[in-house]
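Labels A, B, C and D are assigned to the chains in the order they are written; within every chain, residues are numbered from 1.
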Amino acid sequence: MDYQAVLEEVAAFARPLVRHGRVADYIPALERVSADRFGMAVADIHGAVYGVGDWEVPFSVQSISKTFSLALVMAQSPGSHGEDGIWKRVGREPSGTPFNSLVQLEAENGIPRNPFINAGALVVTDRLQTLTGDASTSMLHFLREESGNPDLAFDQVVADSEAGHGDRNAALAHFMASFGNLENPVPSVIEHYFWQCSIEMSCRDLAVAGGFLARHGLRADGSRLLEAREAKRINAVMLTCGTYDAAGEFAYRVGLPAKSGVGGGIIAVIPGRCTLCVWSPGLDARGNSVAGAAALDHFTTLTGWSVF
Amino acid sequence: MDYQAVLEEVAAFARPLVRHGRVADYIPALERVSADRFGMAVADIHGAVYGVGDWEVPFSVQSISKTFSLALVMAQSPGSHGEDGIWKRVGREPSGTPFNSLVQLEAENGIPRNPFINAGALVVTDRLQTLTGDASTSMLHFLREESGNPDLAFDQVVADSEAGHGDRNAALAHFMASFGNLENPVPSVIEHYFWQCSIEMSCRDLAVAGGFLARHGLRADGSRLLEAREAKRINAVMLTCGTYDAAGEFAYRVGLPAKSGVGGGIIAVIPGRCTLCVWSPGLDARGNSVAGAAALDHFTTLTGWSVF
Amino acid sequence: MDYQAVLEEVAAFARPLVRHGRVADYIPALERVSADRFGMAVADIHGAVYGVGDWEVPFSVQSISKTFSLALVMAQSPGSHGEDGIWKRVGREPSGTPFNSLVQLEAENGIPRNPFINAGALVVTDRLQTLTGDASTSMLHFLREESGNPDLAFDQVVADSEAGHGDRNAALAHFMASFGNLENPVPSVIEHYFWQCSIEMSCRDLAVAGGFLARHGLRADGSRLLEAREAKRINAVMLTCGTYDAAGEFAYRVGLPAKSGVGGGIIAVIPGRCTLCVWSPGLDARGNSVAGAAALDHFTTLTGWSVF
Amino acid sequence: MDYQAVLEEVAAFARPLVRHGRVADYIPALERVSADRFGMAVADIHGAVYGVGDWEVPFSVQSISKTFSLALVMAQSPGSHGEDGIWKRVGREPSGTPFNSLVQLEAENGIPRNPFINAGALVVTDRLQTLTGDASTSMLHFLREESGNPDLAFDQVVADSEAGHGDRNAALAHFMASFGNLENPVPSVIEHYFWQCSIEMSCRDLAVAGGFLARHGLRADGSRLLEAREAKRINAVMLTCGTYDAAGEFAYRVGLPAKSGVGGGIIAVIPGRCTLCVWSPGLDARGNSVAGAAALDHFTTLTGWSVF
């Protein structure tokens, strides 16, 4: 497969959609990003990386961080893939409702539907905080190592901006705390959650850092982060829950495990082959990058590499 | 009407139900109250007061305070009974769901259904805080004056205990703040709300202090707190929304405007005649005093004084 | 009280609102009614009747019939005001959601919230069918007798038109049947329900026929239809549930037990004094007559006769 | 891959779970099935078939028929995989709620979440009826041809039994009709739906008949039923929506596109390799075969063939 040629063709296909949709504006720090951006990278399982457009420009990972916090919690809790550990506190079902909904949380006694809606990610962050003592720093260190980019950093302006507009997440966290589903104080959990979301990474960084998902759990250095079955399971959760309440549509169109963020990034996995990351800030009504989703759709059409 | 005789008969009827239901135990400070208590008082519109049982024993007013905070906000916002003021920020419809539900709040964009569910009371407290600069103290002063009991006070143990178990209310407040429906900082609103709920009053105190509801808005000293139509409207909201999600059942059985609290107290109004207060700590599944509701039911049966 | 003078003043007040709102158009037969109509009648408990405007023009009673079917079921089931009989199969709480919602019905296992939402009225009709063998005819006969108008009749065009657009009610009925909450075949229950709704009556007819609600259960001929406590209880259900999901607002503004219909009629009760009926076809967003609600509001303002 | 050896090992693993769960008892005809049954078959893309246990015993396909009705509608509407045709009338998102829920249908204006919940399947059947003039017979003929078993037939006892307990489905159908989302009369749609569900097939029959899903749209005779992208898309919908509200859990544990039925059958697809069918009547709380799900889980563990 000539990845570079495919990426060029995908980029040509997706470029007309750049500026479609709407740049996230719920916090000022995200709103400043230019809508014109488009980048895409592929990291194959052998370590080669390919890119097109703004693939080396850092952006706010936002909810893509949820994939890594889940992986880190699972990595630190070997054998907990059953009914123990994190899965007692968060489910694995698609939410069927918008990503920060309180309705289901209430109906289901403070147990979030899955780790990729905000409520579920707060639980995962809470667990990572308990396991590591510093959830956001441990994630940053992991991402630096895995991406090979020692310059990765939190964006303090974004983190502060999130905190200043964080009433919805504070409501979710207090609500789960009222059901006894948080181990750490609400302000601490929220703070670490916002720091994780604020990390700036490029498509290159994310595709490389997410390589373990395509390598059935092996890290960049060949050591094992997760058992193969656990890496597969993260992919399964990404496919069914990774793109907010558009997961069914995304599986139908793209057919790959993927996780999106309101910064406009999406990572996707072709198990056994490669990890992709695409970025374009314009979002559709469900919070997924318009040009990014189209690019992934076209990539699977050109390569025939959907999981189905 | 020989109130004292009626009260004795009502008490004899209701006493077998004392200890039925369950004393509120969500905070330790309420749990300590003896389940054996039963008291009832009637204050007629001319100033006479009658009582039976533990009618002079103070208890935690809890949600009964919601009636007074609403009255104080309406009194300070004359002419705001239309679409202005507080009624832009809180509705007047029965909630149809448990009293601290987040579901409806989400579906209705942060506007609580009515001022007697927790979310609505937080909005009213927030407004009272803006109008007075000290929501809880202004209510305490009003209740002291209106009840003629200068010893009324906050119960700090209860207020602290509520704050220590306040995640659900914090979730409600942050959630409304995320919709822009709070004027003051969340911690301040919650603190004043808990102080209001912690006030200790007896059946006597409450029946007397609520006299303005039976006197079409006139205070104990004859001055006007509310226009007659506004006093009637508070009674209307009490009847349709005052007993959590049992308001329909309460109207059916008792037929009086009433407001209950998880401390086991219920105040009820017979417009133009008298205000009643009954207290017994055992609660039914919906949070209303079992013996208290039965006593009010029997009172209206004996007197024929339902509003219907 | 000079009822005639009050009615004239109320009519002058309400007339500018006639044509406001929207005439029900979900079936062609209702859509044909002129939006210009306005009539109002008062029947006092002694048999005197007063009217203004189109008070003698027949219109489609629609949901106002729900009041009479409930009264007839309660009249035929003496002593069933407790947990027996009809109240095992339908609740007494406001619905908090639009009048033909399936959501609550599902959450509450096929038990409708109250007898004045469509689902609840279907259960009441089903019960009346079991008790009488002919629910719609028994109601028609009762209304003829009680109104003193032997010419009352079903409107076959309306009934057929309802049946032709009856999928929503068929869904409700089948859904309750799936929970075992219907005694008769779905098509039979729906047919009788539509016939009841199709009865044509004037404001005069309805105010007179509803006199028993103001007379604490006594019929026009002085015989007892209902125990006083049961008549009061129907009034209570009307106040908390009688105007769809605007019952709280209606209680707040008007302060009377009332039942509205999408034909534009509203009956209201002032216990111990009189029964009113107002009619004007333009409906607000919640299905209540705009000019009719304003007229009742003004009537209680002029007379001071809210129940609060 | 030695399929037969794998099947034997899977059967040995799953047999202890046979009789776990509960045989569907909502209709008498299903209740009669012995809980002891267990069978499993694999049909590879080259036409070879392997089986173990009761793999040649016919059972009621029930909801597995939904996969075939969707495929037939898509096959008859080439090019309609976009926003046209069936996808205007039914969504592609997991439901997040039990399979026959009315709640979401109401919130989303009569558009079912996906074609594999009952409401969605009624819409698909309605479309198939319009396209073919006889939805159930056209499916039966397709299944006979594709399975190579000319003896496949409807089970009239099951179809009649479903019809006799069909109030829930009648409610769904009338409800969608009230939103204008049915083209044919409700009774006709329901009848064809029940006939489709009543077809009796063995694991062998189903694995063979579902071969086109593993062959990217090619039928048993090599002719094309569906474009490759459309076959992939049916697999995607199966993975995200095929096992009621346990789809996320199923993807996590098994990692294959699958569709289950309350008869205890489950078909699953390994794209490019084979189609599986497993059967054991005991169901878990969400309606999926207990031993069947465990068998598929073990199959993917032994072969490493999850799509992730």
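In this text, contacts are C-beta pairs under 8 Å (C-beta built on N, C-alpha and C of every residue); 3 or more make two chains touch, one makes a residue touch a chain.
The UniProt protein names, listed by chain, are A, B, C, D = Glutaminase.
All values derive from a computational prediction rather than experimental measurement.
Q: Return the chain whose centre of C-alpha atoms lies at maximal distance from the corresponding centre of chain B (Glutaminase).
A: D
Q: Looking at A-B and A-D, which pair shares more C-beta contacts?
A: Pair with more contacting C-beta pairs, A-B versus A-D: A-D.
Q: Roughly how far is chain A (Glutaminase) from chain C (Glutaminase), going centre to centre by Cα mean, in whole Å?
A: 55
Q: What's the distance between the Cα centroids of chain A (Glutaminase) and chain D (Glutaminase), rounded to whole Å?
A: 32
Q: What is the distance in Å between the mean C-alpha positions of chain A (Glutaminase) and chain B (Glutaminase)?
A: Distance between chain centres: 47 Å.
Q: Where in chain A (Glutaminase) do residues touch at least two different other chains?
A: Within chain A (Glutaminase), no residue touches at least two other chains.
Q: In their shared complex, at which residues does chain B (Glutaminase) touch chain A (Glutaminase)?
A: Within the complex, chain B (Glutaminase) contacts chain A (Glutaminase) at residues 101-103, 105-107, 167-168, 170-175, 177-178, 186.
Q: For chain A (Glutaminase), which residues count as touching chain D (Glutaminase) in their complex?
A: My answer: residues 91-97, 104, 113-114, 228-229, 231-233, 235-237, 239-241, 245-249, 251-252, 255, 257, 271, 301, 304, 306-308.
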